[in-house]
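In the two complexes below, chain A is the common chain; its partner is chain B in one and chain C in the other.
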Partner chain A sequence: MTTEVFGKHKWGMVVDVDRCTGCQACVLACQVENNVPLNTQERYERARGMAWIRVERYWEGEFPDVKARFIPILCQHCENAPCEPVCPVFATYHNPEGMNVQIYNRCVGTRYCANGCPYIVRFFNYWEPVWPESFRNHLNPDVTVRSRGIMEKCSFCMQRIRRGVRNAAKENRELEDGEIQTACQQACPTDALVFGDIDPDNNRTNPGRAYSMINDDRAYTLLPRLNTDPNVIYLAKVDPDREGGAGGH
Partner chain B sequence: MKKLTRRQFMVLSGKAATGAVIFVACGLPERELIVQSPVELPEDLVRGEDAWFATTWGDMPGGDGLIVRVMEGRAKKVAGNPDFPVNAGKQSVRHDAALQLLYHPDRISRPLMRRSKGGALNPISWAEAEIEMINALEAAGGVTVVTNPLRGHLGLVAEQFAALYGGRHIAFDAVEQGVLHGAVDRVFGQSSLPDLDIGEAQAVLSFGADWLSTWVSPVSLSVKYGQFRGQGHRGYLVHVEPRMSMTAAAADLWIAPRPGTEGEVALSIAKEIIDHGWASSGDIGAFMENMPDGALDNYGASAVAERSGVPEERLKRAAEKLGTNRPALAFAGGSTGAHANGSFNLSAIYSLNYLLGSVGSKGGIRSNPASPLSGVPSSATGASLEEWENEIAQWRGGNVRTVIVRGADIVHGLPASVEVKGALRAVPKVIAFATVLDDTAAEADLVLPEKSFLETWGSDIPEPGPGYQTVAFQQPVVGPTVNFDEVGLVSDARGFGDVLLWASGDGLGVSSMEDLVRNASGQLFDLGRRSDSINAPDKRLFFNGALQRGGWWDNGATGDDLGGAAPNFMELGKEAKYSSTVPAEEGEEFHLIPFQSNALLDGRLASTPWAQQSPDPMSSAVWETWVEINKRVAEDLGIIEGDVLFIRSVNGEIEALAYPHPGVPPGVVGVPMGQGHSHGGRYAEGRGQNVMSILTDIKDSETGALAWAATKVRVSKSGLRRKVPKFEGTVEAFPTEPGVPVLVVGPDETAHEAEEANHHLHQQSIYGGKE
Partner chain C sequence: MASLLEFIKEKHRTTPLWIKALAPVLLLGGLAVFAVTGAVTAFVITAWLGQPIPVLGFDQTVKQPIAFPHTIHAGTGLFPSTGLPGQFIDGLEMDCTFCHRTVTSQANAGVPPVALCSYCHKVIGPEENPELAKLRKAAGLTEEDPSPINWKRVHRLPDHVRFVHEPHIRYLTQHPSEIRNAAPGVNQLSEALPSQVCSTCHGDVASMLEVKQVEALKMGQCVDCHRENEAPTDCTVCHH
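Right after this comes the complex of A and B.
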């Protein structure tokens, strides 16, 4: 019988920048799935909007030779995460499945982790999240609503991982590649986001989609010189008219 | 062995203890590395069982299949239906935001009525509302039913209901697609939109249509874009549009012509392809067959470059990409059709497909078949501005006694020149259906609370479909949110279709939308086809299957062959017209390009905070109305981000916050649609400005459609400045060196090679070549 085993997988994501159109579907899908508070106008004006995944836009050149480049940025779930050792209360730690995890009921809000994160993907709850009463109907019961003073970030939709693993165990079968989709991946219309098990041992006989992409010629990681060893791998944007040499942002 | 003294023992013990403490302190305690937490994370626990119901949202263009996660009777998440062939499990921000239409705190909870024009809206019972509605319908005089463009059974009911009362059904779409439908009909001989096989194409040439964001069926087209990029040989995208939209940003080559000259650009590309021998003689024949001799003589690259403002080299490069990469297809819409010569532009562009040999072929343009359900509309578009002017003249002239409005915010969306508000006041009885009071419903005499799409039955026939017959079914995924429930949510709403059927008596043969959908399922069963979607032994199981899968489709039932030859589009009006502008001293002159908001569209989702707070892809601006202006031009004019600018046309003035960026052509300003509502609930009211209100009434010469991209404006500073609410700047961006974070590689270049080249360049910039 297949049992629910924690620590059997190593989760990762591949982001194909060449497919990203900047449509924001991933951003809102994540917000809805994970009960991320509404970003009011005031929050934006005070530069305190929250987004576990965001799409950054960079300009390259001037009109008419101008390009807009989009890249989705989320927690990189680093193997050598700078955010982890700085937490005085072990609210953020690395779990056995390769994920950088935030324990909300340990967090005391020092924000050291946010200062330590070079990718700036951790968001602090400066205010108590507020929804009109009727909007509480659509909150996801699988995900904690974080209170004021708590740090939060992308969890790779851990609740979906748990549900997927449990369902596979319940049905006495192995988890299939692609069976678990993060909310951002599920939404992405161009298939720019691919989530999956990237543990080499688990991909020997039947390589999964994410695993088979991480060694692509276009694969790179963000800020590699920091040696954070991220579990989010990017595939470079292709410019067919580029004639070699430097480019990008 | 040397004897250990007491003193030596104490020293050694102390050192060992200190060492042990230091050693432990160097690492994390083992238990902290393994044990997760004394209290398990909520995310670790799986709470309750959820159910995913398949449905669709008949009001949205495209006709995407959806699944909705429901737990304990509450809808939690809207996602794409992975089974459904149109959107293949994918979604947009609009779909997620739609959930808030269901639980909106400002949902209209009960019927409202005003006793006299100009009086206040007061709650009444449904029984009173029913009497009012029947009296209005039975009174002498015409009836007009105004809706958004409706396909499927709701479209059928609206049409038949209007006919039953001797009235008229007229659809409103702020961004009219009538020019598009007209051009498709003219070029391919079918009025429903064709299937664009982008995923299999090697080159795509698109004009004006922001097809990755808002145009026609953006989710399905984005799915195809993903396939287009992911092919073994990556496809090449050329996009022509006078504003850098999301699609322009995704293009490999973006061409920004002078607005209104897109048709000429297309013909110069055609001439280049022919002159270079990149098309077969058969395809050239199909393209030129109906054209007068020498039709392209005036469209040489250099001449068109001068007229369109596009560098000649870019025109030639676009032609080469199209000519040398096959299959290739061309299509257009959006601002390209929103000119006095819109029909000419679109017809010329769609006709290019004959030259490219892509009509009816893989990687080209394929027809969509007729509806499998007899009489049920499979194509819908809004009436032209000319038709609206005629209709509103009837209202103003007292020839229409009752107007029923649903899903069409005409007060917000029609140009101010039509003066629709005054016309509505001249109609004795205006009945509006709405979930949240919008600007048009606020003018009604009777407002009826409408159920959202998540609470009602319906159907849709996607347009454009996937190339074969497809029907989407809409079902209630949650029970009606009726009366006061435990969280105070109030809605005594009814479905629009159900109310029309009730008001028809037996006139339409059925009593509810559910019956209509059941009957439709029965008709599909009776077709007796073995389809890929549902195979069931009887009608009951077939209906269950259709609801489970979100619809029915038969990928063997493809459309008729498109073929023949391009029409003589040269006889259409070729000249673009632009509005005049206010006097020169009132600011610099620009060409105004309004564009649909990625999240709010034309404003129909402005009531939902999720849509309001969704960053615009190009500017990341939210919650406001901003104006995109070229960065260099702004510098010359002394305009910086956040300056409140007056944007004046001869029809009026709005204010918008300046957002300069390098992707705007110098003579153009772009303003998003969707804001500037007087009503619309707490999240929409009084927010931003309505760009539609300053558009002039120039029309397409063939269809009479509003040329919404033909208005010129003057832009000047108000002297005020406010912070632009936007996501940009919330986190520090980190382009520390080229290639970080967006690494760009050339063809056949690896990421590693590009990183090395970038790093070398960075070192050179710092150390002047000495590493």
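Right after this comes the complex of A and C.
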């Protein structure tokens, strides 16, 4: 007999920038999985486009020796999240599983959290989400459709985590590493995104894939000077031409 | 009241007649406004705290396209037929999970497909029963084209709640002492059947001719039960 244990895991993600080709499959997968409203050119022009994960592109070098660099940016699920203490209604808080969560039915839409976020991964519903008629039956029934006036962001595919934990409890076994996949990870053709338990205590006897990657030489976090302590770890690009670039690979 | 009558009957005409005529109307009007406001307030407060007062169609029952009797299918004893008034049929004591098949494995309890109904009702049930005639038409057993049955939903949670039946059934079958509104003797069992735990939230459906919502199903009830049974109470367990 097992019941669902909550707070046993600490979820995190490793993003291998070296593997990312900038194909945007994660962006699309996330949009479909999480009922993210469709964007239009006008919304992007007003800086109100919504994408829980986005692939940022940087150009490096001068023409003709120019290189495109890609980096997927999603909610970093910071341990010291700047968005959490500013919420007046506790709609965003840190849950026992190490995730920064957004509770839609508590949110009143002050947008303080989005103003505080240094990674710009929180999105405000400026409009009532409307899908074309043909899309209506494609919405994910496990995810709430957010209405106008509330904030939303990457949830690490909470519905998939809950389903995975529930299935393990149903079959009376421990959750396996890699059993829970986020939508972006599942869609990534180069396996650049790895989701898993990154709690050291849970990885002592049988280290998971994500945990074994966060101690890599290439590991870094975004904007470390802000001391947000993200749960999303990036692995640096391997570039032999680059001066001071990560060597040894 | 007496002073009001005195005021109306007074002989010396200092007060105009139209004011005298209006005074009782104003008094009754004031009382009526007071009563209506009180009734509305009572309705709002009860609806806020639990089930609203059953007036104006707020009795939590829904008119189904086919008058399906849960009593005859799941109940024990003699029950009136919904299609043929005056006839009584013995309850079949069917298990809830015979029709609501996904309740022990999935989020949704599941409404059975028409094929499951017609599996029995191809043969069982008299032809003159108008409710069964509707079912046979929907199942395509008649000359007419089959059409889906638009069953109306009775228990509806808000869109921001993700309720999953499976873990609740699993826990309550293993802990029968926590089952509420249970049939006699169920709380003392060491392990309950899935169909014996439904009453915790749905009441005794087997005795309802028209299924209605008996529990308010508010978040307070969910959280109370989760706390008593040491189930997780983190927001993300239900809201995501």
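In this text, the second predicted complex is superposed on the first by the 241 of 249 C-alpha atoms of A that agree within 3 Å, B and C clash if a C-alpha of one lies under 4 Å from a C-alpha of the other, contacts with A are read in each partner's own complex, and residues count from 1 in each chain.
We adopt the following convention: a contact is a pair of C-beta atoms (placed from the backbone, for glycine too) under 8 Å apart; a residue touches a chain by one contact, two chains touch by 3 or more.
Values in this document were obtained by computation on a predicted structure and should not be read as measured data.
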| item | value |
| --- | --- |
| Touched partner set for A:61, first chain B, second chain C, both or neither | first |
| First, second, both or neither for A:22, with chain B first and chain C second | first |
| First (chain B), second (chain C), both or neither touched by A:159 | both |
| Chain B versus chain C as contact partner of A:144, first or second or both or neither | both |
| Contacts of A:173 with chain B and chain C, given as first, second, both or neither | neither |
| Partner with the higher number of touched chain A residues, chain C or chain B | B |
| Shared contact residues on chain A - chain B and chain C | 93, 95-96, 101, 103-106, 142-144, 155, 158-159, 162, 166 |
| Footprint of chain A on chain B - complex, ascending | 28, 32-34, 36-37, 39, 41-48, 71-72, 74-77, 79-80, 87, 89-93, 96-97, 99-100, 102-105, 107, 212-213, 218-219, 222-223, 225-226, 229-230, 234, 236, 244, 246-247, 249-250, 252-254, 256, 311, 314, 487-489, 598-599, 609-610, 613-615, 617-618, 620, 622-624, 630-632, 661-666, 723, 725-736, 738-747, 749-752, 754-755, 757-758, 760-762 |
| Residues of chain A defined as touching chain C within the complex | 1, 3-4, 6-7, 93, 95-97, 99, 101, 103-106, 142-145, 155, 158-159, 162, 166, 169-170 |
| Residue ranges of chain C in contact with chain A within the complex | 107, 158-160, 162, 164, 166-167, 170-171, 174, 230-232, 234-237, 239-240 |
| Chain A - residues contacting chain B, complex | 16-19, 21-25, 27-29, 31-33, 38-41, 44-45, 47-49, 51, 54-59, 61-64, 66-71, 73, 85, 90, 93, 95-96, 101, 103-106, 118-121, 132-144, 155, 158-159, 162-163, 166, 183, 186-192, 217-220, 222-224, 234-249 |
